[in-house]
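Okay, so chain A shows up in both of these, paired with chain B first and chain C after.
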Partner chain A sequence: MGRYALRRLLQAVPVVVGTTLLIYWMMWALPGDPFAGRCGERACPQDYIEAMNAQFMLDQPLLVQYSAYMANLVQFDFGVTYNMVPVSTLIAQALPVTLRLALIALAVEAVVGIVAGVIAGLRRNGYFDTLVFVSTLVALSVPIFVIARFAQWGLGVNLGWISPTVSNEATWAELLVPGAVIATTTTAVLARLARTTIAENLRADYVRTAIAKGLPRSRVIGVHVLRNSLIPLITLLGLDLGSLMVGAVVTEGIFNINGLGGLVYNHILRLDSTVVVPVATLFVLIYIFANLVVDLFYGVLDPRIRYE
Partner chain B sequence: MSEPASLTSSAGEAPRGLWDDAWDELKRRPIFWISAGLILVFILMAAFPQLFTRVDPRWADLSLSMEPPSSEHWFGTDRQGRDVYARTVYGARASIVVGLTATVLTTVLGGLLGMIAAYRGGWVDILISRGGEILLGLPFVLGAIIILSTFAGAQSDAGPATIMMLVIATLTALSWPMVARIARSAVYAVKSADYVNAARVLGAGPMRILFRHLLPNALAPIVVYGSLLIATFVSAEATLSFLGVGLRPPVISWGVAISESGDFIRQAFYLTLFPTIFLCATVLAFVLLGDAVRDALDPKLR
Partner chain C sequence: MALNLPDENERPEDRSPLLEVEDLHVEFRTRAGTAEAVNGVSFTVDRGETLAVMGESGSGKSVTAQAVMGILDMPPGAITGGSIRFCGRDLLGMSAEERRRVRGEGVSIIFQDALSALNPLFPVGWQIAEMFRVHRGASRSEANKRAVELMDRVHIPDARRRAGDYPHQFSGGMRQRIMIAMAIALDPGVLIADEPTTALDVTVQAQIMELLAELQEELGMALILITHDLGVVADVADRVAVMYGGRVVEYADVFDAYRRPAHPYTKGLLESIPRLDQVGSDLQAIGGTPPSLMDMPLGCAFHPRCHYRRETCVTTPPPMYTVGPERASACHFYQEVLDDHGDR
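Up next is the complex of A and B:
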């Protein structure tokens, strides 16, 4: 298992390099002068430009910039922004917020999605099944930004149950509704997946055997069916952890949450690659790591799976 | 991924093939007809908006600013005094054009690259597969924002067609690797099958083998994925337009309309409501169609 994990990590290296290079290149290709408007209503003095060039190597070819940048990044030196704020400070401020948001979303997805899907799968074509089917359809058809807008307007402005925007502290309670909003799509997908997987596994031979040898229904479903149905669900949840950081761009913007998504979005608009590249690298690393953890988790759930 | 492919390979050559079965299955489902009907209405709306309204969506009368819905203006008027109903009807074009074109481009490009990767193997495979992984590693919304601000910023005076092309190209660039992966695994499963070898021995060229013998195996999973992709793209276009990096005026789009009306949501809720309903109905129609197509084409569910 250790060797498998190591091999997977090594395979990830070219993907990380490629993705970051791509992001770096596109940020570099962003039209616009990074010095424009930086020195008030006049052109920047020559020595300022020279100092900035020396600091950020803006006059160097792309590959030179990139390799120097990555060399620092590998040593956990995230550099400074054009405003000389250390990027690590910005990330340290934003990361806990996004993490809280992602955990809330993940919890909602796991609990609501799996419970609804499992019950629907166990009682196919029943009243609850139809309810789940209709609500997943609605959840899949309404884009996240629309849900966020309506939640903000309905719950926040109209009813006054929540504050329409999240404060700087971004407490768990404040993030509850935004987290649930982010979770809607994956909750629906998860519920549907759980439903079909459960229904499929209920027809499996080993379930018939378990019933035939007289096991109580609770044990057949709780141990045999559920455990075998969990694998695709865990896969989906793990992969979603990576994209939770992404759905965050939209929702964080609407609820004014100062997380990673908002951070990266604001700095793309400001042409500031010093923030965009490290945060995007972080996203890619989280995504790859989540994939790896999911793959390693298979072995725990299903002893038939061996890594070698 | 390989199971459906191997099953279709045996069904594809039979007199009653997978596609006939799928069509029979589809015909019997009311949901398919409902979604197809809805989609037809939206396509008509996109192609001939004049059928639905005679009002010019760009005609602004400031004395009519922010009128609530009335018999004159069914959906009310916006801040510039433009008819919201006309603007909502004309907004269908952006969503439908972007959704359908991006889906066709994504499936064709991804399908071709995936099939070539599986068929040629070696360094071509490595290049296409790794290149795809790099793009998939890029978070979708983030990648789209970066690409669109890179290329769209350069053309701030771009016309509607250019802006739409940019959004379509961005969605395609970020989504083809998924299709390529599906096509690759479908082709990989049957690449060394006897019937493919037989075709090669009989002197069939790579083109003929690819399109006559390998493509039919990859087609069903690609069509299933593609039919679900349309809804995603319609929704993604609206999201990007809402964020201000996708479509933008002068293009009339539901995403732009929802974004613009957000500031007046307390005074004029209808400004947000109607484009939202149309957007959600379109996505819903494509989700239903995708579901129906998947159920009909996926032999596992039979």
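Up next is the complex of A and C:
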């Protein structure tokens, strides 16, 4: 298993190189001069623009720029932004906020999605099952930013239960509603998956055996059915961890949260690749890592899985 | 926690048979219609006896077994009539909790496909030990110890070490042994084996049958053996119930049934194999197709395939005629069938 994990991590190297190069190239290909508009009303002096271009190697060919940049990146030297703020400081401020948001979303998905789906699967075609069906349909068909705006307006402006925007501290309590908003889609998918998985497993032969063994129903379901149903659900949750970080970008914008999403967004607008590339790299790494954890966890959950 | 099994010293005339099934009716109500899967099945088995249940697939053997175990899919299944009595107690009338306790303790079952019947995610020892932990409240270590003993008893080599392995790490025969170990864990009165060897290699089939016979001898339980294998029936069964279209069409001592069948269907089954003691032969070689349970033929269900058919067969369903002591046939013309074998 250790060797399998190592091999998977090594496989990540070309993926990281490829994606960073792609992002670097896209930033480079954006039209406009990042330094031209930085001096207020007047045009910037030509020697300032030239000096900046030289400092950030923008006068060099793309591959030279990229190699120098990556050489620094692997030494954890993230450099400074065009505003001369250390990139590492910005990331260190924003990362915990986004992580908090993602963890809240993950918790909402796991608890609400799995509980609702399991109950619906156990009582198929009942009242609760119909409720889950309708609410997941709504959750899946309304775009996230509409739900976000609605929550902001309804809970924040109208009812005044929450502050419509999140303060700079971005506490757990403040992030609860935005986290739940990001979670809607996956919660709905998870609930439906849990429902079908439970219903399918209830029909399985080993469940019939469990009943024939004279086990109480609570044990048949709580131990045998649930344990077998967990595998696809955990897989979905784990894979979602990666998308949650990226998905936070939209919601962070609406609730004015100073997380990684907002950081990237603002710097793309300024044509400043210094933040965009490391944050994107971080996203890729988290994604790959989440996948690996899911894969390894899969082996823990299912003894039939082998790693070679 | 033990069930009220009949006392060995009780006089035979005072006690009811261990398991009595009487006029059992099971229906499946599906969108396509109502299938009368079991249509008035009756039989009894006692301690130490083996009852073989034979019949083409779809004749209601498994559904009967599931009804006895209380593991029918309900819905779509429903028991619409009859009674099932275990040690004189009506299984269909008791509470869900009482019924649960009979499963495993009083009546156990093993299935055709042990791989899918075992939970893939738990070690086999754990799955056996679960019987002791749930029914007897045994501690984890005590239950594990008993599980290893049982694995030893069903001749799984290196039982202590293998108890931690998962079902997929065993061969088909070993998996069926594990199922058997689980089923006999609580020393049940009745063991139902629903085609226990159909999915196995011929040599392994024989070993499993040997094991079942050996355990039955040791434990003195009643064995209901559902099988396609006529050779096995001849070897191990005391009595045989031949099923057709959800009914028992012939019920007899194995020796009598084989020597002189009293029903054309039994006769057809026996003639479909060249020699009775041949292992691994199948029951499929009778002309025609099994009846549709949604649309049973009027009169005798077997009449479209029967060489003895007359007018009466098409209009009047045959009752269960008493052919002799402990012997019955659902054929208007059983005497003719018997007579055809008189010279054997």
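Observations on the model:
Here, the second predicted complex is superposed on the first by the 304 of 308 C-alpha atoms of A that agree within 3 Å, B and C clash if a C-alpha of one lies under 4 Å from a C-alpha of the other, contacts with A are read in each partner's own complex, and residues count from 1 in each chain.
Note that in this section a contact is a pair of C-beta atoms (placed from the backbone, for glycine too) under 8 Å apart; a residue touches a chain by one contact, two chains touch by 3 or more.
What you see is a predicted model; the values in this text were computed from it and never measured.
On the superposed chain A, the two partners chain B and chain C both fit, without a clash. In the superposed model, A:S141 makes contact with chain B only, not with chain C.
Of the two partner chains placed around the shared chain by superposition, chain B is the only one that A:I268 touches, whereas chain C remains out of contact.
When chain A is checked against chain B and against chain C, the one touching more of its residues turns out to be B. Within the superposed three-chain model, A:I288 lies in touch with chain B and out of touch with chain C [touch as defined at top]. The superposed model places chain B and chain C at 80 degrees from each other around the C-alpha centre of chain A, with the value given to the nearest 10. With both structures placed on the common chain, the touch criterion links A:L95 to neither chain B nor chain C. Of the two partner chains placed by superposition, only chain B is touched by A:R149; chain C is not.
By the document's definition of touching, of the two partners only chain B reaches A:V249; chain C does not.
Legend: residue contacts after superposition of the two complexes on their common chain; A:I23 is shown touching chain B, with no touch to chain C. Once both structures are overlaid on their shared chain A, chain B and chain C have a minimum Cα-Cα separation of 13 Å. Of the residues of chain A, not a single one touches chain B in one of the two structures and chain C in the other.
Within the complex formed with chain A, the chain C residues making contact are 69-71, 73, 100-105, 108-109, 111, 113, 116-122, 130-131, 134-135, 166, 168, 179, 182.
For chain A in complex with chain C, the residues that touch the partner chain are 203-206, 208-216, 219, 224, 227-228, 301-304.
Residues 130-131, 133-135, 137-142, 145-147, 149-150, 153-154, 231, 235, 238-239, 242-243, 258, 262, 265-266, 269, 272, 276, 279-281, 283-284, 287-288, 301 of chain B are the ones touching chain A in the complex.
Against chain B, in their complex, chain A makes its touches with residues 14-16, 18-19, 22-23, 26-27, 29-32, 137-138, 140-146, 149-150, 153, 157, 196, 242-243, 245-247, 249-250, 253, 261, 264-265, 268-269, 276, 280, 283-284, 287-288.
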